[in-house]
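Naming follows writing order (A, B, C, D and E), and every chain is counted from residue 1.
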């Protein structure tokens, strides 16, 4: 067994040395930007978003995020499919302590509000649809921890998930219909809303719209995953 | 319009498919016989055109390859062999096949053979080679898996070695059709002679020749690679074996000729000559010689009628290989002549075997006997076939064997000469073993009601027997065709006579004098007193009465003394060698798989790490 | 061959993750190793995008186009993290199923499919 | 055209008569000489002729079917055919086509005919005998083949007549070493073909009850005796032609005298060959069949192969 | 007008999201919905196919309206058009097959996952951006993990676990490769990377290329990296296995080839090719050897599929146009034959309950149509003329010989000899041996029968008249091999080059 560990360390050191020698030629702090420089110069004009990252995430490389959303959707359906049992119920015995239950009831609303804030202001402040959705999911997780009998409403969560996903693609298709390019930012480019108030809430074309959709979708999906993992499956 | 070459090649396959689809008892036999007859008719008709123009040409482009087909004298002769014996075999099959599966694959192998003889470029040659192998393999698969697997593996090994050789040629010469390859290799030889370095190096030529030798050796049943033939020939519908051994082994022989056509001069330049024969030819000849002896001796020791003829077919092909190996124009013509005669009498023999197996249902010698009275027509055909195979003067067997002996010995090759002589005697030996065990002696009671041959088989046998006799008495017919291959008059002499300078053979004269001899003997015979017919059991037994139950015969183990004398040699068997290799490969595969895919995800992760390590070490 | 601290950190995280996969016997530890590796890769991706002396790419008043760090790796990391989450979620579900059927997580015993 | 036909027929008949008569004389000589060696008187020289005539005139003959008769006829016919090919001085008919290989084959074919007849008789002993005959044939074939190969390569032709002509000028074949070896091997082979003592397993008297001849009687036996006689004559003639220089006498004026002289010379050579065979036959006990096969495949083959290789160089 | 081709990606996505809503309406509607969507996808794919092949110009879809290096572009050239059609057709057939083949309960989840698997593969084939390729690869991989474990049996979970662990390592290193490329070139668009690849620092280039090839190697099942494949093929539901071998592996192989030929300007290109040839030959040889004494027919077909994939990898690694076109032809043929074989095996498992050799004994009498389909598939895989795989095998062998790789070809021919052994044993088992227990003849499902006969007809048509397919394949290979043309086709924004 020791021989195996020594061998593993030796191989990993060689691989590490190899990667290090490759990375040495990619100097750490140097400005290697090419396409990125173009983004930085044109993000305000072409997308109206202050936060360049969200502009890149939603507008310039919108396709990636579409793929991204699908990955998460696959994860949640996969988990639901694999843990699906005929009869499933929660087997947590102990109710959360008094502090936890009351705290949960109180804090639930604020956490959800905070999550919503994150994904609505995605184009301005750091963070976007995904972190916002995740915070919402933590709110539901807290409820699961607190109450032994609490269950999220499956059917409605799955339907919202579906609707949110369809919404995202619909936005893209409208872009295709109007601007003849899939995922074309028809709010910013064609209708030209919010050109005036860059940096404020109602700006940056369809980024906030998409981020809200993503926020809701991620929130429902992650809580769905939590729900199917928590339950014990009977046969 | 569809070129006639295409019709010749593809009619059997198309009719085979139709017959397979229709699967109506009477109709499919008709269609298949038509399928075999049409190419034969076209070939005969092509004979006239060949007198006017040197060859019939046709080419077509499929998936990036330019396929060319050429019918000239040499391929016409081989195609005629395929046509005639094929037609006879198909006629024979009309009475021995039970379901349409066999029609499809028999005719597919016939298409394969036609394709091979008419192909003029390596790729179509290889494709039809594969079609032929596959068709004949499926015929054997139906009856016995082990035999068919052994056959398929060896012939696919041959096919793939041919493919490798084609690949090397394609890589070096860049073209695939025969004419360009022939020219480039010819110039290459000339370049070599002038001293400049050649396109193909010495071990390239060695590799190509070795690979082609294996490929064609397998199909022709040359000595070390003959192992599949006895099982494959015996484990299938016997009238198909007439085509299988009569025609398909000729594909291997034609392949050897292709080696001569394509690589002849180049190999001659590269490896030089021993005495008169080219060195590479001598290898073929020597292996052919050993095949004759091994095939013959093993044939004499067989207990199964089909196996006996399978080994005899191998040994006869050995003759042809010796002829080709010696390499002189006369010996190649003799080899092709023997190919024709072998196709004829071997086809006839297997049809006879088909009738016997069809009528008696038995294949072992010990169960048969005394069929001469019960099946007179078949026995007459057997008598003709025996005289022809054993090489008795008036029939075609002798003509081709005589030509072969003269050609080989004239090239003063003592060892080969000795081998051939020994081969001809073995011919006698296993034939008489066959005749004694099947036709003469006491007849077991259950064979009393055996009927004679069905009509289609009888016709088929009739055709082949007639050809045996005709070509025997008038060898000139075949000689004129053979001379057309080389253009010049190698075998002189009239239609009845073969005259090759240092030896003359006149078919007609011998027949006349043999008849007069027999007439004289007949006169003496009839001068004597009247003869009383006596049943078979009334024989001089030194006192003890011969009854049907107490059936004294030595059908089993007829050549026990021969087996004892050869005991030492019989222990070496290539068959067991190949089986051991097969088993060893499978065990290796088993351990390899269990060791590599051992199911442990960590081991798999280790494989990934090792690959990363290799990439790392390579890079740094 | 001086590589920045971040590169060194990222590479060592990946190697630790790989070490866990190669050596540990318990399936969950392997999955933990897998996610460590993924975080290592994400760290590497982010540190590639860093440009010395520049701040986050939010072009509010103070920061112009050439004061911002490279935004693309941050966008890519966002996707990579979510992919990491998805893979780990699925892996854990499979582990739950495995435990339910075979009552063990030691990969030495999880070798039904082999040969 | 017709006159030449009759001429040939007459000549053929004459050759046949002469060959049969001389053949029977040879059989008589064999009996007398062996007897003399065994210090007894032995039957008169014409005894075989009397036996054959007795056999032919036997009233009650039995037959086992068509093949049984045809086999015997075929054997005699083939021997007559072989006879016609071998050059007999200057009067042989098919001399131009007298090919070495053809004649060797024709001398072996009667064996096939006899085997056919014997086996079709249904008598198991006949089957056993024919198996032994075939094995001897097989054993004999190897040295015979090498001897013929040596001859063909030495003279570079296959036509017996040309070989005889070559020997007239260059002297007998056995004066050259390769052909001497071939001749020795061929002579041992002749021992079996004559059916003489060491290798006469197939037609040995003791074997009669077990040999192939067991079923033959009456006129079938008679015809076989005639066949044996002609075969004896043909084989000795062939040997003396190819190895002992044959006989082409042109000294005398008239052709009749020439032919008589050449026949005389040939007769002497044939007798010499016969006597050698008889002397060997009288001394040796009989081999068993596998001993014979092993013997033939050892010494005679080596001698003949050496001859063939030397001839080829 | 050509931008509507982006519906190829949008449609399966939107319908996947639509499935939970449909489930709310009616449980039984889900599977027909899946078949409908795959049918529409097939329609669109045919439209795109003849659009690309008639105009001769590739369709460039610019997501978000931004010109390539700025936005992500989908490059549907000759190859992508051909293969998107194959994926659509294969998933349509498998959707029909899974109507009956999938019995494990959450069928709506299955529908979603198989739609997204198809989406992932289509995305991988048509994307023009490296990171986007990574995302679509992950979509395919993760839906493949979920589908492998779908049966929830012990074996399925074990196979999925192995697939996830190995896939995870592979994709992480693929990402490191992308990071290195982005670090040194600053762009993610494939065309631009091909343009700038020459100026990359050699060690970085070697490392990046090696890692990309390593990452894709796991997905494209090269020898040591394919240890997960036999288990995944065996444990996955039957239609999923057919999809795996028909197009999921092919997408991985395509990505490998695309990246390989994009970076041909990189110094260490020769090394990587030689390594790939060695790995490819090892895959073929070990794949064939392991299939020799298999008792589970599905696992035997999995090994045979792996070895054919190895042969394709060797074809790509030859580095010549002939090699590339031959391997694409082999991909097309292999997809058809393997889809047929796995569907047939799946159907046998469905009807007779098992896939061991014992169940296959005497199949000819019990299910003649399926037995006939498997026999035709097996015969064409062995490489008998008049069947489709023969033509691509011949092209591959001659291309390799032209490239001077005769040793490799000798090994591969030896391996295909071994392949002939176990396929013939199977054929003989099916037709000429009697099963132990007496079984009456099963009335075979009409729809599955027609699909199988359609595929058999396709095999024989291509086998007898390969010209048409060969021209398509040659155009497709020019698409991959001819990188200069590829760069010209992609409308790069002038302002953004260094």
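Assume contacts are C-beta pairs under 8 Å (C-beta built on N, C-alpha and C of every residue); 3 or more make two chains touch, one makes a residue touch a chain.
Computed from a prediction, not measured in an experiment: that's the story for all the values here.
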item	value
Graph distance between subunit B and subunit D, where chains that touch are linked	1
Subunit D and subunit C - chains in contact with each	B
Geometric centre: closest chain by C-alpha means	B
Most remote chain, CA-based centroid, reference being subunit D	A
Pair of chains with maximal C-beta contact number	B-D
Between subunit B and subunit E, centroid-to-centroid distance (C-alpha), Å	45
Cα-centroid distance, subunit A relative to subunit B, in whole angstrom	75
For subunit A paired with subunit E, centre-to-centre distance based on mean C-alpha positions, whole Å	30
Centre distance in Å when subunit A and subunit C are each reduced to the mean of their C-alpha atoms	16
Overlap residues in subunit A, where contacts from two or more other chains coincide	8, 11-12, 15, 18-19, 21-23, 26, 32-33, 35-36, 39, 61, 64, 67-68, 71, 74-75, 78, 82
Sites on subunit E at which at least two other chains make contact	131, 135, 138, 142, 145-146, 149, 152, 157, 161-162, 165, 169, 176, 183, 188, 203, 206-207, 230-231, 290
For subunit C, residues that touch 2 or more chains besides their own	14, 18, 21-23, 30, 44, 48, 72, 76, 79, 83, 86, 90, 93-94, 97, 110, 112-113, 115
Chain pairs in mutual contact under the definition given at the outset	A-B, A-C, A-E, B-C, B-D, B-E, C-E
Subunit A - residues contacting subunit B, complex	8, 11-12, 14-15, 17-18, 21-22
Subunit E-facing residues of subunit B, complex	61-65, 123, 126-128, 130-131, 134, 141-142, 145, 148-149, 152-153, 156-157, 160, 163-164, 166-168, 170-171, 585-586, 588-590, 592-593, 596-597, 599, 601, 603-605, 607-608, 610-612, 614-615, 618-619
Complex contact set, residues of subunit A against subunit C	4-5, 8-9, 11-13, 15-16, 19-21, 23-24, 26, 28-33, 35-37, 39-41, 43-44, 50-53, 55-57, 61, 64-65, 67-68, 71-72, 74-76, 78-79, 82-83, 124-126, 128, 130, 199, 225, 229, 233
Residue numbers on subunit C that touch subunit E, as the complex places them	14, 17-18, 21, 27, 30-31, 34, 37-38, 40-41, 44-45, 48, 72-73, 76, 79-80, 83, 86-87, 90-91, 93-95, 97-98, 101-102, 110, 112-113, 115
Subunit A contact footprint on subunit E (complex, rising order)	3-4, 6-7, 9-10, 13-14, 16-21, 23-24, 61-66, 69-72, 74, 105-106, 109-110, 112-113, 116, 119, 123, 129, 131-132, 135-136, 138-139, 142-143, 145-146, 149-150, 152, 157, 176, 180, 183-189, 201, 203-204, 206-208, 493, 495-498
